[in-house]
Every structure is written in C-alpha cells, then in structure tokens.
Amino acid sequence: MKNFRKEYAGRSIVTICGLFLIALTVIIAVFLIIRGSGTFTQYHHSIAEFLFSSEWAPNDAVGEGGGKVGAAVYIVGSLLTCGLAIAIAAPLALAEAIFITEISPKLGSSLFQPAIEIFTGIPSVVYGWIGLSLLVPFVRDAFHAAKGGYSVLAAGIILALMIFPTITTVAADAIRSVPDSYRKASYGLGSTRWQMIWHVVLPAALPGIFTGIILGLTRAFGEALAVAMVIGKTRAFPANIISPTNNLTAAIAADMGNTSNGGEYNMALWSMGLLLFIISMICIVAIHVISVRNRKKTGGH
Amino acid sequence: MNSEQFQKKIQAAKKTDKVVTTILYVIGGFFLVLLIVLAAYILIKGAMGFKPSYLSFTSEGIGNQFFNTLYLVVLSLIISVPIGIGAGIYLAEYAGDNKLTAVIRISIESLSSLPSIVVGLFGYLVFILMTGMDWNLFAGALAVSILSLPSITTTTEDALRSLPKSYKQGSMGLGASHWKAITSVLLPACFPRIITGVILAAGRGFGEAAALLYTAGQSTVLNWHNWNLTSPTCPLNPFRSGETLALHIWVLRTEGSLHANSTDIANVAAAVLIILTLVFSLGARQITRNITKKATGE
Amino acid sequence: MSENIKISVKDLDLYYGSFQALKKVNLEVAEHKITALIGPSGCGKSTFLKTQNRMNDLEKGVKIEGQLLLDNKIDIYKDIDAMDLRKRVGMVFQQPNPFPKSIYDNVAYGPRINGIKSKAKLDEIVERSLKQAAIWDELKDRLTKSALGLSGGQQQRLCIARTLAVEPDVLLMDEPTSALDPISTSSIEDLAQELKENYTIVIVTHNMQQAVRISDYTAFFLLGEMVEFGKTEDLFAAPKDPRTERYITGRFG
C-alpha cells in the first residue's frame, strides 16, 4: 500500500514537471503574442508599416501613441548580418565536418571534438569582447571604415564564429550516419575519396546538413549582445558591408529598460521580440519538414 | 572508347582528390589554430593590464561579480534541475506515444530555440514589472532556468533511455514498483551522465548575459559584513540586484564606466570567464570519459 | 585446354595486426570462368576476395605479403593504384547497397566519376548495363525512381549493373545471394552464368549447392589456408584432402 502511494506520488510529480514545460512555453508565447501585437491593436499601426518602413520614432508615453514604428532598419540589419554569417560559416563548417568524419576521424574525436565543444561554451559577451578588441579595430584599419570599424562585416564574422560549431556538429553527425555500405560501394567502383564524399556521402547527408545550417541561423538571429557590441547601433541602412547599422536583438537589448511599460515604444520592442519568436518557430518547422520529407524518401524499402 | 582521354580524366579526378584533401586539412587546422590563438589572446590580454585589485571585492574589482555569477547559477540550478530531471523521467519512463508527449516535445524544442534576449524580455515583464520588484538575482536565476530547462530535460531522458532494459526488468522483477526502480536503480545508474548535463548547463549559465540585462540588473553593491538577509547589500540576499561577470563585461565595454581603466578590468573579467568555461567543459568531458571507461570495463 | 589466367596469386600472407588471416595462399583464377570460394565462416575466403581489388586497403592494420598478378603482368599491390584496379576488378557486396539515388544515377555513377558527361553516352551505358544484368525490362519505365524502392533481388541486380557499367574484366561477388530469397537467388545465379561469357567471376559463397550449380572451379578455405583447389566437379566428387571431404559431406563447419 505504501509502495502504491509512492508510485502514485512519484508519477504525479514527474507528470507535473512535464506539463510545466508545456505551460511555460504557452505562457511565454501568449505574453509575446499579446504584448507584441499591442503595436497593431492598441496603437493601430499596420504590420506593413512595422515591417517595411524605416521611420522609427515611437512615443514613449503610455497610452498616447501617434509615433512611428517602422522597424525595417533593424530587420534588414538582422537579415544582413545573419546572411553574411551563414555565407561565411556554412561552407567552412561543412569542410570542417567532412574533415573530422571522413578525412581524419582520429584527430576529429581526440582533438577537434573537444575544441568544438570549447568554441560552443565561450559566452556570447566574450565573443562580443573579441569583436570589440580585435575585429572592430581590424575593420577600421584594413578598410579605413569611416565609422571606426563598427560594421555589418564585424557582426557577420562574430556571428559566423558563434554558429560555426553548431553547424559543424550537426553536419558531422549527419555524415557519420551515412551507411558505410555506400562508401564501400563507391570505392568498389573505383572512385577517389573525394568523389565518394562529393557524389555519395554529401547528397545522402544533405538533410542533416541543412538542419545544421538552419539551427545555426536560429542561433544567429537570436544572438543579442555579441552583435550589439560590434554593430555600431546606428539607425540607418548600411551603405556597404563596412558601415554600421542596427538589428532587432541589439535594439531590444539597448532600449528595453528605458521605455515605459505599456507605451508605444515598449510595445514596438515587444513586436520585435515577437518577430524573433516567429522566426525561430519558422526555423523549427523547417527542420521538421526536412526530416519528415527525408524519412519518406529513404523509407521506401 | 578513347582511352587516352579516359586516362586524362581519371588523372584529373585523382588530382582533385589530392587538392581537396589539402584544402580540408588547411581548414581543419585553421580552426584549431584560431581557437588556440583566441584563447591565448584572451588570457594574455587579461594578464597584461592585470592588477591584483581587479580581483578584489570592491567597486574596482570583479570579486562581487564573480560571486554573483556563482550564486545566480546555483539558484537557477536549484530551480531547473529538479524540474528538468522530473520532466526527463516523465518522458523516458511514463509518457505514452500520444499527443500530450508530442506537445511536450514541441515545447522543449521551442524553449531551446528561444533567443535569450526574448527570455530576458519575458523575465523583465513577469519577474520585475509584474511583481513590482527591483532588478534581482532571483529573477535572473528564473530567466536562466528557462534557458537551461530544455537541455537538462533532454539529457535526463537520453541518459535513462540509454540504460539497458535489463536494469528496469531486473528491479521490477524483484517486486519493486516502477517508481522504486527509477529512484533506486535507474537514476543512480545514469547519474554521471545527468551530472555532465547539469555541468554543461551551469557553464552556459555563467556566460549568459542577454537574459539578465533587465532581470538581474547591471549593478551590484555589496557589504561583506552585512549578513541581514533582507538588506539590499547583503551578499546572500537573493532579492537584490546582482550584476554577473558576463554582464560586467558588457557594461564596461559598452555603457562606459566610472573607471578610467574599464577596458583592463573587462579584459581580466573575460579571461576569468574563459577559464571558468574551459574548466567546466573539460570537467564535463572528463566525467563523460570516466563513464565510458567504467562502462567498457577498461 | 587453353585457358588464360586472369589473376594469379602467389604465396599470399595477410595479417590483421598480429593475427594471420591468410597463410601462403596460391591460386589461379581462370579467365571467363566462375571460381567459387567456399569454407566455414571466418576461414578467410571473404578476406581473400577483398585482396583481389584491394578493398582491404580501407581497413586498418592490414599487412600483405606475397604477390597478386593481374593478366600475368600487373602486380596488384605495386604496379597499379587502387582506384584504377577497382575499375578493372569490380565488386558486388553481400548486402545490396544501392546509393540513395535514382536507378539511372546509380548505374551512371561509375561512368560519371570517370568523366563521362554526354547524356547520350550515359543513356547507352545505363541501358546496356541493365540489360546485361537482366533487369532492363523490369526497370526501364522507372529509371528516375529511387533505387531504395526496389526489392532486395532487384537491388542486387542493380548493384551488379552498376558494377558492369564501369566495364571491369573481373567481377568479385561476396556472398551476393545471402540476403536474398530463393527466387531472387536463382535469378542471380542464372545471371552469373550469362556474365561469364564476358567476365571473369570470383564468388564467395556459404552455400555449397550454389558452388556446384554455377562454378567451374572451387577453392576450399579453412582457418586461413587454402586447403584444396580444383575443377568444381572433381573437388566435390573426389576431394583429395580429408578436410575438404569432411566439410563437403557436412561433418563440420
């Protein structure tokens, strides 16, 4: 009888823990949606204005409204820096993944795996600090950047450094899970190692590689402080890659605490938070679509 | 078939193989060198402008921030570890293959991909504005808990699932209840793996900053002779503002500071943070290695 | 009898680290014949097969002594690199292992990596190879479908076609029917009979009836030694070595 009661109590407690995760997610989502939509419902701005206008002058007084909430500069800033980061990191990370799985698995597990873990563990402010101490001066001196090196380029490189381990790890897992029989078959037909990798292993690992890139993209979009430290926080579209601009996360980080709760300014920042949330949900959905399609494709036998 | 042409193409393929292999070696080596250079740069930069007073528990030193970091992470683990392990047990042992389980999994995935600044935003509203409190460590700990819950849950579930089925069967075959089997056999058996997960979560907690900006606050004033828990300068009071190391770097390098040598202090703080990170990731790795050794009987 | 020797093996020793897996093996593979390698599992027959096209290069800690000559002049381990060798000595594996690509792309894989890009030329090779593998009629209307959707027997014949597309002289088959049902097995056996017109075939089999049905020569392996080698009908009718006799009469292994 005592055992039965304990079983019941234990089971109830862990079930509550499981349900708590759902509750937490729902609460966060609901808060984001309610607060984030305030810009459009309470202060009557159009979604188009928020997404496509670059006029940003929200009113901070609670209940007044009437300002301008065009967040296009921030959105473009986020897109540019993340795009640049992916363009730099994806090919290099893929090369690294190939190296630690197909070329030198021994070095891969003894040396590179721990190195990648350390890369992952470096806090984002330290990446920001590296950006400030190394990259910003470098961009300033190398390109004679007018605004002192704070730039899209510096932000893109820092983000690339931060998402590189994510993409490498996921892509390497995908490559490792390609059955060995494919490799043997390819060698048996007289192919070189690179032909085997390029024509057989990579196509077979492609869904996993895409998943890694999307996960990297998710991380890049959500990264706040490292980018904020090097992007220059200038509310203007960048003229070129070495100009400063601003992005969604840096704007939230800089202004959140200085706005009055419930004011138009505050709500506009929440809308930007909601946008980030939606972007990360889209990424999750994309990953699921990839894995379902892949299962259908290879489940044929 | 034109065999000469054929041979040429095969030769070209072999050459490509060699060239690509070389390129891959270069890229592989580049990242290793990059990591070493960056780590060395951070440590040397920290050592160069170093003054012993930077480690002190004064407004010039980072002692208080270091203490806040540890305290905040401990607080957050007190919250997230029980819930995370509980949810992990539920998923591994009790959850059926049904909608509810699917929703929990989607929740975990959503939580783990939440940008930390969004969690900071949420924490600011709910833990600070709605409770009417000032910036405080506890609010920061709650925000960090939200970020570490998914990974602790997943680690626990994976650890339980990786145990041989015979453990559970053996225990329940002797008449133990399912719960008894979990607490007396299964959890102890996968304890090291769960600890590894917790250490990694703690490591991430040390470095977190975006979620803490507007929860834990960006300042700290401590009086190390004040042990009145309700006082805002008492080190152990969880409901006081408590800037962490990572936040300190952010504040020193972006907001400007009262100190003329804020850059040097930030360098020292970055070096300390990096050392913490290294210790924790290498520690977790060592534990994992010991487990594998034990498991394979070597 | 004027048979050409395709591959001759002289005093072949093979070590996995300190373990000797093959001991002084001598054997001559006749051109346009089927040579079967039989023996209990772990006897070295598959290892021996892999030495013929250097698939054992891919395994760690393998050391080889002795000589393997292709066409009486090319030393397999000295005069030719593994990639070129494998184009001349192709391999079919125990488990059918088509790539997760279309049927067409599977067969065109070998020619493509050899630099053939012309669509017309590839079409021709794909059709010819699938016909040789006696699977063209079944597959000609679904060439663009994934090879993973085929049955096990079809997959194995596709893998044979894929190997034939590289135009090898020799086909090595490593228990090619062990994963297949009886009907697919007999179709692969028929195919082997047809293929020996144009190819030299070495087949590892765990199934003695199969050796009797399809092969011209049989070699019996035991514990890394090649115990006996001869014409299949002779070896099964009147084995010279008592160990061979015990094995083929089913008294061990």
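When the chains are written out, they are named A, B and C in that same order, and each has its own residue count from 1.
Assume a contact is a pair of C-beta atoms (placed from the backbone, for glycine too) under 8 Å apart; a residue touches a chain by one contact, two chains touch by 3 or more.
Note that the structure is predicted; figures quoted are calculated from it, not measured.
Visitor: Given the two chain pairs B-C and A-B, which is bridged by the higher number of C-beta pairs in contact?
Guide: A-B
Visitor: Find the chain most remote from chain B, comparing centres computed as mean CA coordinates.
Guide: When every chain centre is compared against chain B, the largest gap points to C.
Visitor: Using mean CA coordinates as chain centres, what's the gap between chain A and chain C in Å?
Guide: 50
Visitor: Counting only Cα atoms for the centres, state how far chain B is from chain C in Å.
Guide: 53
Visitor: Need the CA-centroid distance for the pair chain A / chain B, whole Å please.
Guide: For chain A versus chain B, the centre distance works out to 17 Å.
Visitor: Two or more other chains in contact with one residue: find those residues in chain B.
Guide: 13-14
Visitor: What parts of chain C, by residue number, touch at least two of the other chains?
Guide: Residues 83-84, 87, 113-114.
Visitor: Two-or-more-chain contact residues of chain A, please, as numbers and ranges.
Guide: Within chain A, residues 191-192, 195 contact more than one other chain.
Visitor: Under the stated contact criterion, what part of chain C meets chain B in this complex?
Guide: Those residues of chain C that touch chain B are 81, 83-84, 87, 113-115.
Visitor: Under the touch definition given earlier, write down the residues of chain A that touch chain C in their complex.
Guide: The touching residues are 179, 181-192, 195, 199-200, 203-204, 297-298, 300-301.
Visitor: In their complex, what parts of chain B are in touch with chain C?
Guide: Residues 6, 9-10, 12-14 of chain B touch chain C in their complex.
Visitor: What residues on chain C touch chain A, complex-wise?
Guide: Contacts found on chain C: 53, 55, 58, 82-87, 90-91, 93, 95, 97-101, 109-110, 112-114, 146, 148-150, 155, 159, 162-163, 166.
Visitor: Using the touch rule from the top, collect the residues of chain A that touch chain B in their complex.
Guide: Residue list for chain A touching chain B: 3-4, 6-7, 9-11, 13-22, 24-26, 28-29, 31-32, 35, 92, 95-96, 98-100, 103-104, 107, 111-112, 114-115, 117-126, 128-130, 132-134, 164, 191-195, 218, 221-225, 228-229, 249, 252-253, 256-257, 261, 269-270, 273, 276-277, 280-281, 283-284.
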